[in-house]
Amino acid sequence: MAEDKSLPEYKYVLHIDDMDPSKQELILNNARNLLDAYPPGDADIEIVAYGPGLRLMFAENVNAPRMDSLAQSGVRFSACDNTLKGMAKLLGEEPKLNPVATVVPGGIVRIGQLVKQGYIYVKP
Amino acid sequence: MAEDKSLPEYKYVLHIDDMDPSKQELILNNARNLLDAYPPGDADIEIVAYGPGLRLMFAENVNAPRMDSLAQSGVRFSACDNTLKGMAKLLGEEPKLNPVATVVPGGIVRIGQLVKQGYIYVKP
Amino acid sequence: MAEDKSLPEYKYVLHIDDMDPSKQELILNNARNLLDAYPPGDADIEIVAYGPGLRLMFAENVNAPRMDSLAQSGVRFSACDNTLKGMAKLLGEEPKLNPVATVVPGGIVRIGQLVKQGYIYVKP
């Protein structure tokens, strides 16, 4: 019986919660290296950001062009709503997010859901 | 047949080994967000601290009141004895721990035991 | 039927991508504590370094003697070739690696392979 190739074999959830810009670069490098390492469609990659790491997904983040390119290759970006709401309280309004980002209710809950679905967790 | 609801569906091991106070806040936020995200009793959460991260579990840590509240909601705190013994050598005596903390022989061994039991590992 | 004891029961992949020398010490402490916690041969440990964390595996790194000792106890060291190639571009030549290190095509891909083989992922 033919193997079902509709499901990606390698599923990764990459986690960022640091403010450090070098971590932002590193996590995007990681996603790119994963895309390059596997045949097209074999790597399913989701980047989950919460806490100070949510800055990666701000609209004005300097890495936005790279994120666009990764999103076009299928990488997903998940932004924590708990963090957004906390920032909105401090700033008076919610920060504007990069359009490639999808808001999820809780970043850490999202990570748990993905790991339970067989995603490999890596924290750069 | 009724599903066995005696076992929590979502089990998380949260790992701290950084001295950075912002990581201490973040890991406690993570635990709180997990408790809030699941029905009562569905989330089993253990925080494991070793190395410089053990400071979270010192009796005088500024986050002690939040830790009390989390412990009352079922969150467990595990403190690495390898680290405690190393600190005792440097300081002349073992640091006094928060009473909510349980000493485990090795923090990294404890993490491994929990992951083998199906806990989802997250490193804030 | 006798249990197959040829396979280590506890397999860990430890991940380093930070430049911070304290993280280098911590990850080596972790490996040592794991070796000490299990009967000889029961712990299979691989340290994977990429990005700024690759410095741990440079020939001139101050921790080289400890790494020799760990390697003699069976700990494996994997150095990311993507990172090496990037550093070679910046420096004009590839940094010289500790002879205990094995070059792998991609550090993050290696982590994924190990996790899929049942390794417990820990990021000190």
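Just so it is clear, A, B and C label the chains in written order, and each chain counts residues from 1 on its own.
By definition in this document, a contact is a pair of C-beta atoms (placed from the backbone, for glycine too) under 8 Å apart; a residue touches a chain by one contact, two chains touch by 3 or more.
Note that the coordinates shown come from a computational prediction; the quantities given were computed from them, not determined experimentally.
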Numbering shared by both copies at the subunit C-subunit B contact, with half separating same from different: different
Angle of the C-alpha superposing rotation, subunit A to subunit C, to the nearest 5 degrees: 120
Centre distance in Å when subunit B and subunit C are each reduced to the mean of their C-alpha atoms: 25
Subunit A: positions in contact with at least two other chains: 121, 123
Interface residues, subunit B side, partner subunit A - complex: 10, 12, 22, 26, 29-30, 33-34, 37, 120-124
Partner subunit C, residues of subunit B touching it in the complex: 15, 17, 51-52, 82, 105-106, 108-109, 111-112, 115-116, 121, 123
